[in-house]
Structures are given as structure tokens and as C-alpha cells.
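As written, the chain order gives the labels A, B and C, with residue 1 at the start of each chain.
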Amino acid sequence: MIIFEKVFKSFRLEKGKKVAAVQDLSLSVAKGEVFGCIGPNGAGKSTTIKMLLDLIRPDSGSINIAGLPSTDEASRAKVGYLPENPYLYEYLTAHEYLAFAASLSGLTSDMMTERRSMLLEKLKLSQAANRRISTYSKGMQQRTAIAAALIHNPELVILDEPMSGLDPLGRKLIFDLIGELKGEGKTIFISSHVLTDIERLCDRVGIIVQGRLSFEGEVRGISCSLDDLFLQVVQTAGVGEVR
Amino acid sequence: MRLLHTLAPWFTGVAAVAVYLICLPLAAIEQPRNAQLFSLPPKLLRIVAFQFREAAADISFLNASAFLGGKVPQNQEQYSYFFNTLKNAAALDPYFLDPYYLMNASLIWDRYKTDEVNDLIAKGADKRTWDKLLPFFAGFNYYYFLDDGIKSFRYLTEASKRSGGNSLYDSLAARVAYKANKTEFAISYLENQIQQAEQQVEKGKTRDLERRLAVLKAIRQIEIAVESYKKLFGSLPTSVDELAKLQLLLSVPSDPYGGTFYIAKDGAIKTTSDMVDVKKKNGG
Amino acid sequence: MIRSVVWVTFLEGVRSKAVYGITLMAGLMMIFTVLFSSMIMQDVGKVATDLALSTATFAALLVVLFVGINILAKDLERKTVYLALSRAVPRSRYIIARFLGLALLQGMIMALLFSASLAALLFVRQMYPTFFGTVSLQLVALAHLFIFLQMLLLTSLSMLFALIASSTFVTFLLTTVTWMIGSSTQEVKRLVESGEELRITYLTKLIVKGAYFLFPNLSLFDLKTNAAHGIAVDLSHQGFVLLYGVGYTVAVLSLTVIVFRRKELN
């Protein structure tokens, strides 16, 4: 489904210094797989995801989604994205926001109404659906963003920190939802700090440290806890500061 | 005790406001008035006003007309402010009638910078190609005040053309053409002005115009008497009284502006008031 | 797809507090217009027209500066663009749709301003029929249309600036300065070319001429004098002004699309 091939990306900082955000990244995620992406803060996880969606462009290398290059917007037709710390259009209601998201993905009015009520129900937003998003709590905003990512029934779901801002009830909700999506055969790419969730949900996991894929493998095959593995890998990579 | 506590800030607030209201007029120093409302040169003013030139012109004009409050300028400073502000208004919006109109009404007869003022009025007449009044004003002023027969004739005929042919304008133009007596010229002009003003119900305006008309008629009378004297004696009379004594004048006319008529060396009839309110001239 | 982006943009404008403030202010200024013109002696109609059209220009300008810029700048700053761009929405279509949404918003405001102007002018005409002068109401309508076109041009520039500026404030500043320069460029060019001031160097003349072609000549879209005095507009001339406006706007939008396509949305 997703193929990263020898992707490099660096940024120029204000003082003229160059920072290598992603170095020599080669990664693939098969169809129907649930892939977990973990790593220290600033390791390059979000950068990787943004390159996947053509929001930023790699310096070199190629990225493909279902055979189409990431630079082709058609590659994103069946992709649902939840950004890290999402901002929403606060002047819209969840109702309107989801309708907007659906129309952006080319959904017809009937399909949209059906899926919208289903998702609002599932994410416990039905009551608040006709209030403006500016009145929502952080958790409600997060759930709305998730609903928007799923409104068009995407084949590939990309979740960047899906649990952020959610209380334990919310987390359970989303955890179950991801499980459901997995059951439907969707490909899921999750980036998260909640390692226990990664352990339980993901088929494979990748650890990115300082822009490099330092570890990649099946979750089943890991003998110790994911926490320990993480710390081990990070130590070997020689990360100095904690960001 | 609680009540006092709640009322304290209100009381303090009111007391503070009272203090500053009392101190403000005592503290303020009277600033000398600027030479005009907007102190920038007109060309720069046009640029800085961006797309709001016309509105700035309107404000400038209103400032000028409100400045006098219906009175007349009393000293040089006031004249200067008044004229400069109107000049700015005309520069900002050369199509605006009121500045030219007010200049003509308030500055021309007081002979303040007559050439500059009338040049502006003429420019206004040029810009406002549909306007019948301004070329008429400019035309009259050019002959009566500035002795420019050529420009006068041009503007008077233009005024007639724009009115689709006006007999008064035409007759005035004709008089300019053969260098007719200026006083008669002005009398015709003023009679027309009074008629116009009465039609527009401008009561206060007619009073001023009528006073002017009266002084010019008086001057005309004296001029005719002087002509008779010259025919009889071949020289100029020494004073107006002499004319009255010789019964060439029924009586010595009085100057509605409070001055006395005299005969100048070149034979022109003048008055010590110069057709300006004597009170005003003495800084009253 | 585009229609929903257009509509959402329009909605954001309509639901913003700034729009309420601006319309309120414009309403008050129209009332002020009526009061102000009653203090004028002769050219009452002209003054009323000037002030009504100046109010319309000012209000429309405020909409571009405080509503339009806000919408796009916020979209980029808060990354709400991700909602559209993470889907199969081409960047060019998205940005054009945003422009159309702002155009729709501006159009609605302009219609409101025109009704207010008309009401004010008819009221003044009722009060002072003899002093109303040669005001042409058709030209007043045309003047409003040209203000609208002028603001569309400015909107396209503000969008380009929003893409390249580092903060919303810089975008605001750039747009304001461009409007100021655009409004005065014709006047300055005339001043410099008339040769009245001999101290103007050749370099200055060159710079002024360059600025004249680079910056939009916004005074072409100012029909206040025509409307106030009923001076007819030459249709062919106005046709050229229209083409100039369209050409400039399209050029800027094309550049905006190019810049947006290459922009890294980090």
C-alpha cells in the first residue's frame, strides 16, 4: 500500500543551519496491515507522514500510495488523515464540518448523510453536532477530526497521535474504533507515544530515531516490552537530549 | 460598612473625572492656529489622501465655512487661513463648486489676493465644463478688478454659451469689448446677483449685495457729475462737495460703508472706506 | 468540490465578528453622510455622493484587510488547509475556490453598501432637490461595481502576500501599502512627468514609471467624480479598465497558484 524508497528530507533553520529531518528512509506497509510508527519527539514521524500526503516534498527518494506517486493528488482519494493537534474550522458545526469534508472527497449527498450520522453516533458527538466547534472541548474536537478522517470510508487511514486530548473514555472509544477498522481490512498507519496501544493494535512497528528507521519488525516477534525495546534502540542510536 | 466598600470605587471614579474636567481647560495652552487646515502642499495632499480626496475636500470646505461662522474675516491671519483652506479644498477636488463660490462671495470684494483668487475661480470654470456661474464670476472679476479685458470677454462669452445664450452675459461681454464704464458694468452684474439671490431666498446675502449696489450707484452718480464738470470747465473738480455746490449733484451721496467719497488724481471716484466695512478695517 | 470550498469561505466571512463591525460602521457613516451634506451650501448632491462612495470604498477595503486576509492566513497558520489538501483536492482548485468565496463575500457586502448609498442619496435628494446638482444614480451604481472590481484585484494580491509573508501582520501591511501605492501611482507619475519640480532625478522618474506598471493603478477604478457630477464615462475607456483589472487579477492569481503549488505546508 505504502512504499517509501530512500527518502531524504532536510530543513534549513533560521540561522542557516541545516537539519536532517528524515534520512534514507525505506519503508513499506502492506495492504490491510496496521503499522505503528514510534520514536522520540522530533524524530521525524510527523515529517514522514506529511511527505506521504504531499504536504511537504522530499529532497530525494520516492513515495508511493497504492502504486501512485504521492505528488499525484489521486493517490489521496482513498486516504483519511488525522493530523497531530488538529485545528478545525471553529465557525462550523460538526454537522457542517463533516459535510464539508465529505464533499471534498467527492461523496454524494445521500452517502454523506448516512455515514455522517453513523460516525457522529459512534464518536458520541450526536448531541453536540449542531453547535459550533468553537464551543467544543479538546476531546470533542479530536473526535470530530477523527470523524472527518473517516467520513469517506478511506482504504488507508493515517492517524498522528489519535489519543491526544482524549480522556480514558475517549481513548477506549478510539481504541475500539481502530480495532473495528482493522477488522474491515483497512490499512492503518499510526504514529503514537502510547506504546501499549501500539503493542495491542499493530501488526508491525517501526522506530524512527533522528530521522532514521532504526528498527522495523513484527510486534509478535518482540520478546521484551515495547517500552524496553524503544529505550534500547534509542540508546544505541546515541540520542543525547530529551526533546 | 459593606455599602461603603462597594461605593468606594464609584465615588473615586466620579471624583477623578470631576478633577480632570476642571483641570483640562486650565491646563490647555492656546495653540496658535495653523495657516490652513491641512498644512501640506496641495500636490502632496492629493497623494496622501489616496482615494479619499473628494471627502478631504468636503471636510476642508466645511472647516473654512464654519471658521467664519457667518461673519467676515477680521484680520490678515483669518483671511490667510480661510483662503488657504479653500485653496486646499479646490486642489483636492477641482470639481467642487462650493470653495469657488465662497471665495467669490467672501474674498473678491475685500480685494484679498484678487488675482490668485480669480485665477482659481477661472480654473474652476474650466474644470466644471457644465457650470454657468463660475465663468460669469470669473469674467466679471477679470474686467472689474483686474482690468483684463481679454480674459473677461472670453469667460463672459463662455458663460453665455453654456447657458444656451444669456442676454445679460452677452451685454456684459459687449461692454468689456468696447471698454465701457466699469461702474455701470458692475451695476448690471450686481442687479443680476440680487435677483438670483432673491430667487434662492438668501436674505442675508441680498443685504450685502444691495449695499454694494448702492455704493456703486452713488459712485456712478458722482462719475456722471464729473463728466459734466469736465465738459464745462475742461478739468477735474477738486472735491465732491464742489459738484454738489454747483448743483451738478443733487446732494453728496453717503457711503453705506461709512466712508467719504473723493476724487482721485486720475479722475477715478473712490471712497475712504474702499467698500469695506470701516469698523472691520479698524480691527473692530 | 469547489462549490463547497467557496461556500465555506463565504460562511466564514459572514459568521465573523469583523463583518458585523464593518457593516455597522458603514451604516453609521451613511447616516453621517446625510447630516454632513446638509451643511453644504451649493454642491449638496456632489458631497453626498462623494461621502457615500468613500464610505463604500473604505468599508470594502476593511473587508479585504480584516476579513479576507484573516481567512486565508488563519487557514495556513492553523493548518486547517490539511482538511482539503490531505484529500484528492488539487491545490490550484483549492486556492481558486478560496478566491471565489472571498469574491462572493465581497459581492454581498458591496450589494449592501450600494443599497445604503442609494438610500442615503435618495434621502438627500428628497431634502434638497434644487441643490442636488447633476448626480447620476446610474453612474453611482457603476462606481460601486468598479469598487468591487478594485477590491477583487486587491484580494488576489492579499492572497499572494499571505502565501509568502511570514505572519498575518506582514500580509496586512503589504496589502495596505500596495493599496496606498496603487491609489497614488497615477498622481505621482503625472507629477513627476510634468517636469514642474526640476529637482527630480532621472532615476526617480524611472522608479516611478516602474512602480506605475508593477503596482496596480487603482485610481482607474475611482468613478466618484463622474458619479458626483454626472460626467459620462467613455464606454470604450471603461472597457479597457475592466480588461486591465481582469488581466492583472488573473496574472496575480496564476502566480498565487504557482506559489501555492510549491509551498511546503509544514
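Basically, a contact is a pair of C-beta atoms (placed from the backbone, for glycine too) under 8 Å apart; a residue touches a chain by one contact, two chains touch by 3 or more.
Owing to the predicted nature of the structure, the values given are computational and were not obtained by experimental measurement.
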Chain-level touch network, classified as line, ring, star, complete or other: line
Per-chain CA centroid nearest to the all-protein CA mean: C
Averaged-CA centre spacing for the pair chain C and chain B, given as whole angstrom: 41
Distance between chain centroids, defined by C-alpha means - chain A, chain B (Å): 80
Chain C residues counted as touching two or more neighbouring chains: none
Complex interface listing, chain B residues touching chain C: 43, 46-48, 50-52, 54-55, 57-58, 61-62, 65-66, 93, 95-98, 101-102, 128, 130, 200
For the chain A and chain C complex, residues of the former touching the latter: 11, 47, 50, 53-57, 73-77, 79, 81, 83, 86-89, 91-92, 96, 99-101, 103-106, 148, 152
Residue numbers on chain C that touch chain B, as the complex places them: 36, 39-43, 46-47, 50-51, 54, 57-58, 130, 133-134, 179-180, 183-184, 187-188, 191, 218-219, 222, 224-225, 228-229
Residue ranges of chain C in contact with chain A within the complex: 1, 3-5, 8, 11-12, 15-16, 78-80, 82-91, 264-266
